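Per-chain numbering from 1; labels A, B and C assigned in written order.
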Amino acid sequence: MFVWTVLLIVLMAVIAYWAGRTHAAGLVTAGGPRLHSLPSYHGLFTAAGAMIGGLALAIAGAFVFGSQSLLTPVAAVIGAALGAFPLYSKSSLDFRARNNFERVVLVLLITCSAVAILTTIGIVFSVLYETLIFFRSVSPIEFLFGTHWSPTGTPASFGFIPLLVGTLLITVIAIAVAGPLGLLSAIYMAEYASPRLRSFLKPILEILAGIPTVVLGFFAALTVAPLIRSSGEAMGFSVASESALAAGLVMGMMIVPLISSLSDDIINAVPQSLRDGSYAMGATKSETIKKVVLPAALPGIVSAFMLAISRAIGETMIVVMAAGLAANLTANPLAAVTTITVQIATLLVGDQEFDSPKTLSAFALGFVLFFFTLVLNYIALRIVQKYREQYD
Amino acid sequence: MNAPVHHQTLITPAHPKALASGQFKVTARDVDVYYGEKQAIKKLSIDIPDRAVSAFIGPSGCGKSTFLRCINRMNDTIPTCKVTGLIDVDKRDIYDPNIDVVQLRAKVGMVFQKPNPFPKSIFENVAYGPRIHGLAAGKTELDEIVEKSLRKAGLWEEAKDRLAQPGTGLSGGQQQRLCIARAIAVNPEVILMDEPCSALDPIATAKIEELIDELRQNYCIVIVTHSMQQAARVSQLTAFFHLGTLVEYGDTNEMFTAPQEKRTQDYITGRFG
Amino acid sequence: MTEVRDELVKKRYASERRFRFYGAAALILTALFLAVLLIDTVIRGIPAFHETSVEVDVNVNAADVDPANLPGGNYDKMIKEAFRAEFPEVTGRANQKALTALLSTGGADALRSMVIADPSIIGKTVTVPVLLGADADMFLKGQLTDQTIAPGKATLHVARLEGEEGFVLTGEKTGEEAEKQLGLATGDVVRFQGGAVRVTGMQNGYLKADPVLPPDAAFSTGNFDAGQWDIVSFSVPQANRRINDNQALWLDKLKQDGRIENSFSWRFFQAGDSREPELAGIRGALVGSLLTVLVAISLALPLGIASAVYLEEFAPKNKWTDLIEVNINNLAAVPSIIFGLLGLAVFLNFFGLPRSAPLVGGLVLALLVLPTIIIASRAALKAVPPSITEAALGVGASKQQAVFQHVLPLALPGIMTGTILGLARAFGETAPLLMIGMIAFIADVPQGFTSAATVLPVQVFLWSDLPELAFKSKTAAAIIVLLVVLFALNAIAIYLRKRFERRW
C-alpha cells in the first residue's frame, strides 16, 4: 500500500506539472506580453502543491484508516488534487511562479537540514526517557557510584564503576598504542615522506580506517588474544583469554588512521614560514618539528587525541567480540574486563522487556556514553575551530 | 676551497667605495637555478663584500629572492629546485656535499618577508637558536645572549618587561625586529633579508632601516627590496636583477645617478617594473 | 663567531636520524598489522570457498519415492544405504553411525533435485555427488589435524588371529626389537593392502593390532616389503578432534579411490544461513545488506545534499545555522551504538515498525551516515569557486538557478565520492543493527524491506560466535566477501575523485 500511495502521489504531481505548464504556456498570445516566469516554473509550482497536498492527506489517511487500508491512496489522490488546483488557477501572465516555487524549495531545504537536529533531539529524548524510568527503580547514586555490576543476578545490582574502569582501561591501552603510532606516522608523512611515498602510504592508512570493526573484532578474538595469552603464559603471567590487552591493542590499531589523518591535516596547516624561520637559523628537521611545528600544532593534536578517546569509548564490536562480559573492577590489562558498550549490546540483544531495570539500564549506560562522547567531541571540535582561525 | 673562477660576465664594482677591507664575503660564479623545468636564474656571478649592505632590486620575478635563498640554501626545502654553479661563503663552496647545511644556516641567517615569530614567548623565540646550537652554557649566559640580541635589534626597551609573553602578540614592526633579534642571536656573519619591510608601516620601516644601518658595522647584509628609495637609503651597494640575470652591481650612489646599463636606467626612472 | 662544536652537531644529527626512524617504524608497524590481518583472514577463509563431496552410486529405490510427491521422497535413507554399501566391512551400529555422520545432513539435496529434474531415473542406479559434513570437509582440507603417512622401512609380516577380531604384526624379528625395527608404537595405525589396523600393544612378545579398516575376509597372512605398507599418524590426538581415526581412514580410502570431489562452493553464495556449517551461505545476509543500504542511501543522499546545499549556499549566518553546524559535526562523532538505541526507542517502540527489518536498519544507517554525507557535500560545494555563481547571477539567473544549474553539477563528483564512502561505512556497520534485532538467525533470503533479515557484518558476528571450527572458516570467508565489496566501493570513490578532480 505504501509503495502504491507514493507512486500515486508522484503520478498526480507529474499530471499537475504538465497541466500547470500547458496552462501557463496557453496564456501567451502572439505579440502580447510575456510571462513573468517560464511555463515550467508554473508547472513545478502546481506539482509542488500536488505533492504537499497528497502527502498531507496520505499521512492523515494512514492515521485515520490505517496504513494498509485502501482508503489511504484514495486520500492521497484527493489531497494532491486539492493541493494542485488553487495553484493551477492562480497562473496568470504576471504571476511570479519562479519566486513562489523557489520559496517552496527553500522551505524544503531548511526542513532537510533540520533532520540532523531532529536526530539529536531524538537521541537525547529517547535515551533520556528510558533512563528516567530506569532511575525510578535504581537510584542515580547507586548507578553512578556503585562498584558492583550484575544486571541479571539476584538481587540485580547496577553499579556502573566497574564498567567505567573497564572502558577506561581499554581506552588507555588503545590510546597508548594509537597515540605514538598515529602521531609519528603523521609526522613522517607530513614532513619526511616524498610525494611518491606519501601516495603509497596514505592508502594503507585509508584501508585500515575502512576495515569494519566487526572484522577487527574477529581478528582480536581469534588471533591476537590467543597470541597474547600464549606469550604471556610463556613469560609466566596468567592471562585471561578475553584480556583487556588484546581488545585494547586492536582498538589502538583501529584508531591509528584517525589520529594520523587528523594530525596530518593539522601539521600541514602549520604555516611554512614558521618552518622556514627555524631552518634559517640552522635547526635540523627534527628540531624544527619538535620545537616549532608540534608546539604550534599542539591544540589540534590535543583535539585529535580527544576525538580518538571518544571513538575508543564508543567502539562496540571489537570489545563485544574480544573483551569479556565479567564486570571485574581491576586495572590489570591481562585480566578480563567489560565495557559500557559491551553491556549495552548484551542487554539489548535478545529479549527486551521495557518494564525491567535490566533492559532499561542499557539506556542509562547509553545516556552516560552519549554524554561523555558529546562533551569530548564538542571540546575537541571547538579547539580545532579556534586553531584554524589562528592560521587563517 | 675553490679559488674563484673568473668569468667574463662577472660584474663587480671596480672600486666600491664602501669596500674598505677588500674582503668579499659571498662570491657566486655561473649560478643557474631551476624550478622544475623553469629557469629562474641564468649564469649569475657576483662578489658581495663584508660589513656592508647590498641591496637587490629588480621587477617581480627577476630572481632576486631566489638568489637570496640560495645563499643559505633555503631552496633545499623546495623539492623541485635545482641549483648549479658555485656559491662561496668565506671562500667555501656552500653546495659542497661536505658542507653541513645546519651549520651554514647558523652562519648565514635570514629574515623573511612576513614576520614569522614562533608561537612561543619572546624570550623563547630568541633563545631558540642558541639552544639548538648549544651556544649558551647556562641560564645566565642564555639570558645574556637574549638581552644582547634584543638590544642589537632595538627591541629590548620595548620587550624587557614582557619576555614571557607570546611573540605573536607584538605589533608587526616589533615582530620583524624580534625575527632580526632571533637571527642575530646565533652570531651569524651574513644576514639575508627578504623584503623585510614589505609588510610594515612607514614608521616601523624606518626603525628597521635604522637597525640595518647599525648592523652593517658587524655583518654582511644582503637585502631584497622592492623600494628603490629603501635601497638608496640603506645600502652601500646595489644589484639590479632582470629576468633571472644580474644586469649591474655597483656603488649605490653611482647606480642611481649614473647607471651603466640602459635597462637599469629604464627601471630606475620607472619605465618598467 | 662562536665555533659550533662538532660533537654537538654529531649528536644533533644522531637525534635527527633517530626521530626519522621512529616515524618510519610507526608506519611500518601499522602496515605490518594490516598485512597480518588481511593475510590471516585470507588463509582462514579460502578453504570455505571450496566444498567437498563424495561420489556415491545410489539405487533410486521406487519404494521410497512417491511419483506424485517427488520432493517428499526418502532420499536421505537411499543415500545413507548406498554410502554404507561402499564400506561393507563396517559393522555395528556405532561404526555405521560414525560412517554416515561423515555425510552432510543436506547431502540428499543433490539427489532430490536430480530426481525432480528427471523422474525417469527412479528405479535405476545413478552416481550422485553427496556433500560431506563440515568435519569431514575440514579433515580433508587438512584443517583438523596434520596427517603424516610414513612408508614402512622394513618387511612387515601380518597374520590374522584365529577366532578373534585381531591381527599380529611381526618383522624379521619379534618382540620389542620388531617394534623398534618397524618403527611402530602403541596407537599407530598401519595400512597394508586395502586394510588398516591399529597397534594396541605388546602381548606375549608380539605386537597386537585391532582392525580399523578390515582387509579382505580372505586375507589371513601376508608379507609386506618396505614401501608396501605405511604408518599413519595424526598430530592431534583422537580425543581432541571431531573426526576419529576410523573416520579419517575411511576418508583416506575414498580419497585414494578418487571418489572425493573438491569443487568451488557456489552454495556459499546461493544459500541462506544454516546451523550446519557446510550448508550455510551468505546469500540471505548479502540480500539483507543490499536492501538495508538501499534504504539508507535513498534517504541519506537527498537529505544530505539538500542540507549541504542549504547550509553552504543559502543559510544566513545566525545562531540557528551555527547550531545546525555544531550539531552535524558532533553527530558525526557520536558512537554508532547510540544510533541503535535511537532506532530501538523511536522506530521500533514509538512508531511500531517491524523488528529485524531492512527498512528500520536502513533508517538507522541513514541517520548514521547523514553527517558524513553532509560534511563531504559541503566541502565539495565549497570547492566550487564563487566566480561561477557570480557569472550565473551576472546574466540574470536567480540564486537557486545558479546553485542548482551550475554549482551543484560541478560539485556532484565530490558529493558522489563522499556518498560512496558513507555507503561503505553503512555497509560495514554492525553495532546499531544488533540493537534493532537484525541479529536473529534467519535461514531464508529476505523477501522485502519489512521481512526479517540480517546483514553481512552481523552474519560475520553471528558466525564468529559459534563454537564449530568450520564456522570460523566461514566467518573469515564472509569477511573476505565483505572486504572485497568495501574495497570495490573505495576503488570506485578513488576513481571518481581522480577522474573528475578539478583544480580551480
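Just so we're on the same page, contacts are C-beta pairs under 8 Å (C-beta built on N, C-alpha and C of every residue); 3 or more make two chains touch, one makes a residue touch a chain.
Worth saying up front: this structure is predicted, and the values here are computed from it rather than measured.
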Two chains sharing the most C-beta contacts: A-C
Centre-most chain, if every chain is reduced to its averaged C-alpha atoms: A
Length of the line joining the C-alpha centres of chain B and chain C, rounded to whole Å: 67
Chain centre separation in whole Å, for chain C relative to chain A (CA means): 28
Centre-of-Cα separation between chain B and chain A, whole angstrom: 52
Junction residues of chain A, two or more chains touched: 284, 287
Set of chain C residues in contact with two or more other chains: 12-13
Set of chain B residues in contact with two or more other chains: 102-103, 106-107, 132-133
Residue ranges of chain B touching chain A (in the complex, touch as defined): 72, 74, 77, 79, 101-107, 109-110, 112, 114, 116-120, 128-129, 132-133, 179, 182-183, 186
In the complex with chain C, residue positions of chain A that touch it: 98-99, 102, 105-106, 108-110, 112-117, 119-120, 122-123, 126-127, 129-130, 180-185, 187-189, 191-192, 201, 204-208, 210-219, 221-223, 253, 256, 284-287, 289-290, 307, 310-311, 313-317, 320-321, 341, 344-345, 348-349, 352, 354, 362-363, 366, 369-370, 373-374, 377-378, 381
Sites on chain C touched by chain A in the complex: 12-13, 15-16, 18-20, 22-27, 29-31, 33-34, 36-37, 40-41, 44, 302-303, 306-307, 309-311, 314-315, 323-324, 326-331, 333-342, 344-346, 349-350, 367, 370-371, 374, 398, 400, 424, 427-431, 434-435, 439, 457-458, 460-461, 464-465, 472, 475-476, 479, 482-483, 486-487, 490
Of all residues in chain A, those that touch chain B in their complex: 194-195, 271-284, 287, 291-292, 295-296
Residues of chain C that touch chain B when the two form their complex: 1-2, 4-5, 8-9, 12-13
